[in-house]
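Please find the structures below.
Each of the two complexes below includes subunit A, the first together with subunit B, the second together with subunit C.
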Partner chain A sequence: MNFLAPIAYAPHPLSLEEISATQIKIPCRTMVELKGFGYLDPSLGVTDLPAQTELELPLWTVRALVKKGYATVRVPHKYGGRYRDILKADPTVVDLNRISPHFYQTGLHLAWLPTKDSEEIAEILPEVFKERLLKLSDSYGYVQGLRSADEGGNDSGTVIKDSHLDTLEKSLLESSKKGAQAMAMYFMRR
Partner chain B sequence: MKVKIVKTYSVQFRRGSETFSFFDMTQIILSTCRSKKFKSAVYEIWECNVKLLLFLHANMNPSELEFLAEKEIVEIVPKFTLDTICLMEGNLGPFRAGLPVRVPLWVALDFRRRERCTLVPPDWMNIQALEAIKKEEKTNELFTKMPNEHYMAVTVVICRSCSQDIPDSDRVQVLVKDIWDNRIAKIRTAIDSFIKTGSSFAKVNNLTQMEIANVRPFFPHALEQIHRMRQNSQEALINLNNSKSQSQSDSMYPDSDRMTQ
Partner chain C sequence: MMYAAWENGVRQVLDEMQLLFDQNQKDYNRIGQKVNQNDVTENLDVTMNSSTSTGAQGEAAGVYLRHTALERNKDCLLAYMSTRLERIRDLRWIKGSVLPEADQNNMTEQELQYFTDYNKILANYMRDIGVDGDFDGLDLTEHMEPPKSHMVYFKVLKEYGEFEPEDGKIIVLRKNCVHHLPKYQCETLIRQGVIEILTE
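Then we have the complex of A and B:
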C-alpha cells in the first residue's frame, strides 16, 4: 500500500536542510577583539582578529557572535532592498532558487537577527509564500507535466518553473504529486 | 509528576488532578524548557511517535477508501438457496433463489464474480437520477448531498466487475465522473479562497471521503507551512521589538534552535 503520509517540513535543528539553510554568508563586523580567530581572515595574517574587522561569516557562527554582542550584522545582499522590492511587486515570477536554495528557511533565520531590515524580511516571507502557493495550487493536482511553448523544462506541470522553486515548495510539490498519482492510478486501473 | 502507561503508544502525565497527554507534554516541554539536549531528545521521541502512529493508522489513499466503500449495502438476486450466514458484523440473510436480498458490496461482488447472483443497481445509479444530481450540483454553489457516502468508489467497483447488470453503464460512469469533476473543481476554488483570505476555519458539508483524499496531502501540508512561517515571523518581530527597547538582547531563537547560554 502506498504510504502517503507527509511528515511536515519543519526541519530538525541538526538536519541537513537546517545546516544548508544556515550556510548563507552574512556580512558582519566584529566589535571586540576575538582571540585566536585570526584564521578567519587570512589576508591579515595575525593570530587574533582585531575589532572592527569586516567579514563574511556563515549564519550559524554569526548567530552565536551576535548573541554575545561580539559582532554586528547587515542583511546579506541577496535579501537586500532591491530583491525585496522585486518580491513585493510580484513574487510569482522570482527565481527563488537563485536567491537562495532554502529561501524560506534562511529567511526565517535572518528575521531573528537584529538588523534594520529583519522586520521587513519577517513581514514579507509569509506573503511571498502565500502568493506563490496560490499560483501553484492548481498544478498540485496534475500528474504529468504541462508543456507550454516557451518553458521547456517544466516537468512538474507547474506554472512556475521547476528550477525557480525553493526547497520547501519542492517538497510540498513532491508529496502532493504522490497523492495525485495515487488517485490517477486508482482511476486508471479499471 | 507521575507517568502512567495507558496504552502501548500513548502515555499519560499526571500532576495532581490535571492529566496531560503525550502531545500536550511535548508541546509544553518544547516551548518552555531551556535545556537543548533534553528538548532534542523529546523532539526525537515525538517524531518517532508521530511516524509510528502514521504508519499504524489507516491512510486514506484511494485503495483503502475503496475497501471501506465495499461495506455499503446493495441488493442482489441470488441464483442459489442458502440459509443465514452468520458473520461478525451481522447476518447475511437467508438466500432464496430469485428473491432479492440485501448484502454488503463485497459479498455481492464475490457472488457476482462466481456467477451466483445478479446485482440490482442502486436507486441512484441510473441516468435520470444522476442527471438530476449533476444539474443540482452545477447550480448550487455549495456541495449537495450525494446519494451515497462513497458514490465514486461504489461506481468504479460495480462498473468494473458487473457492468452488465447496470443498464447503460458507460453513460452512468461518464455522469458520475462529471459530478466528481464538478465537485473537485469546487473544492479547488474553495481552497484557493481559503488560502487567499487566510481564514482560520471553513465549514463544508456533504463532502465524501474520496474527494477529501484527493486534496490530501497538499491542503493541510500547505496550510501548515503558511502557519509556521507566519508564526515564526511574528515571533521574530516581537523579539526584535523587545530587543530594541532593551539594550541587551534577551534572545529567543526560532523553533529550530534554542541555544544554551
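Then we have the complex of A and C:
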C-alpha cells in the first residue's frame, strides 16, 4: 500500500518530466549566424551556422534563442492545424502518446512561444484534458477487476486505451486506482 | 527501491559542461580583444546586443547558445539529483531510520549523509512535538495506516479517577482495569501515559 499518497503529477521546474517535455524538437529558423555551431546541421558542412537556416532544435534551445531574437519558430507538425482539428472533433479517441508523450506539458511550453498558433494551442489544451478526463473516470469505474483501461466497459461505451494516454493522464490514472484499491482493502478489513 | 547513482554519466556531463565553459570563456575573451583592437569605447555588453555588425552578433549568439546548453546540463543534473533525494526521503518513511544493506550500497556518500541529516531533523521534530511532562515525543512514522478498528481495548496504568468520553457514560479508571473505548478519545490519555493500548 502506498501510504505516502503522492501528488499524482507535480512537474516543478527541476523535475524529470520537465526535462523530457522540453526535449522535443521543433522547427525554427535562425536569424543570425551562430559561430561554431555548424555541426547542428551536418548537411551544410560548415563550422558556423549561417543565418536563415531552417532546422529542428530542441524546445529548450529554441526557447532561449527566441527570447533573444536570434531565431523565429514555427509550430511543430504534431501540434499543427490538422492534428488540432482531429483533437477538436473527438479528443477521446486520439492517441496522445503518438503525438507527444508529454502532450500537455510540451503544449504549455509551446503556447508560450510566439508562434501564430500559440493561442489556439493554449485554448485546446484544457478542452482536450476535460473530455479525456471524463472518459478516464468512466474507464475505471469497475475497480476490483480492472487491470488496465483496455478491459471492461464494452457495454458502457469505449474506454481510452492505456497506450493512448500521455504521462499526466497515466499518472493520474495510476494514483487514482491505487487510492481506490486502498480504500476498498481498508473497508474490507472492518 | 534505490538504484545505483549513475556516477559515470554525471561525470561525463560535468566534463562536457567544463568544455562548454572553457570554449565560451575563450570566445568571450576573443571578442573582448577584438573590441579593444578596433578602439571602440563602448563596453562589451553593448557590442553583444547591437545589431550593427552581424559578425559580432554571430559571435555573441554562439556564446549565448553555448551558455544555454550549459544551463540545460545543469538543469538535467539538478533534476536527476533532486529526484534521487526525493526517493531517499521517501525511504525514511517506508523503511525506517536504518536502511538495508542493498540500498546503502546504492547511495553515494553525500546521499548517505543527506539521509542521516534528514533522520536527525525528523527525530528532533518528533521529539519537540510531545514535550509535555515526561512524554518522550511522538513517533510520526509509527502509524502510517489508518487503524484497523474503531474501538480499542486498553489497560489503565495509573490511577486516574473518572473519565467522561463523548457519549456521556462516565468511566472510572482504576489501575490495571481493562476498558473498551473508541480510539480517538483515548489519544490524550495515551499521551499522558495514563493508559496503554492492548494489542492482541
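Note that in this section the second predicted complex is superposed on the first by the 163 of 190 C-alpha atoms of A that agree within 3 Å, B and C clash if a C-alpha of one lies under 4 Å from a C-alpha of the other, contacts with A are read in each partner's own complex, and residues count from 1 in each chain.
Convention: a contact is a pair of C-beta atoms (placed from the backbone, for glycine too) under 8 Å apart; a residue touches a chain by one contact, two chains touch by 3 or more.
Keep in mind it's a predicted model, so treat the numbers as computed, not measured.
Engineer: Judging by the criteria at the top, classify the pair subunit B and subunit C on subunit A as clash or fit.
Structural biologist: clash
Engineer: Looking at the overlay, does A:138 come into contact with subunit B only (first), subunit C only (second), both, or neither?
Structural biologist: In the superposed model, A:138 contacts subunit B only, not subunit C.
Engineer: For A:129, select first, second, both or neither according to whether it touches subunit B, subunit C, the two together, or no partner.
Structural biologist: first
Engineer: Is A:111 contacted by the first partner subunit B, the second partner subunit C, both or neither?
Structural biologist: A:111 sits against subunit B, while subunit C stays out of touch.
Engineer: Between subunit B and subunit C, which makes contact with more of the residues in subunit A?
Structural biologist: Higher number of touched subunit A residues: B.
Engineer: In the superposed arrangement, which partner chain does A:82 touch: subunit B (first), subunit C (second), both, or neither?
Structural biologist: neither
Engineer: One more residue to check, A:119. First (subunit B), second (subunit C), both or neither?
Structural biologist: A:119: touches subunit B, not subunit C.
Engineer: Which of these subunit B stretches, 78-86, 204-212, 222-230 or 240-248, gets into subunit C when the structures are overlaid?
Structural biologist: It is 78-86.
Engineer: Using the superposition on chain A as set up above, list the residues of subunit A that contact both subunit B and subunit C.
Structural biologist: Touching subunit B in the first complex and subunit C in the second, residues 1, 3-4, 13-14, 18, 64, 186, 190 of subunit A appear in both lists.
Engineer: Inside the complex, what are the residues of subunit C that reach subunit A?
Structural biologist: 23, 27, 54-55, 57-59, 61-62, 64-66, 68-69, 72, 75-76, 78-80, 82-83, 90, 93-94, 144-146, 148-149
Engineer: Okay, in this complex, where on subunit B does subunit A touch?
Structural biologist: Listed in rising order, the residues are 40, 43, 47, 50-51, 54-55, 59, 61-64, 66, 156, 160, 184, 188, 191-192, 195-196, 198, 213-214, 216-218, 221-222, 224-226, 228-230, 232-234, 236-237, 239-240, 243, 248-249, 251, 253-257, 259.
Engineer: Over in the complex, which subunit A residues touch subunit C? Could you list them?
Structural biologist: 1, 3-4, 13-16, 18-19, 32-37, 48, 51, 60-61, 64-65, 68, 70, 186, 189-190
Engineer: For the complex, give me every residue of subunit A touching subunit B.
Structural biologist: Going through subunit A, the ones touching subunit B are 1-14, 18, 63-64, 66-67, 69, 104, 108-109, 111-112, 114, 118-119, 121-123, 125-126, 129-130, 133-134, 137-138, 140-141, 168, 172, 175-176, 178-180, 182-183, 186-187, 190.
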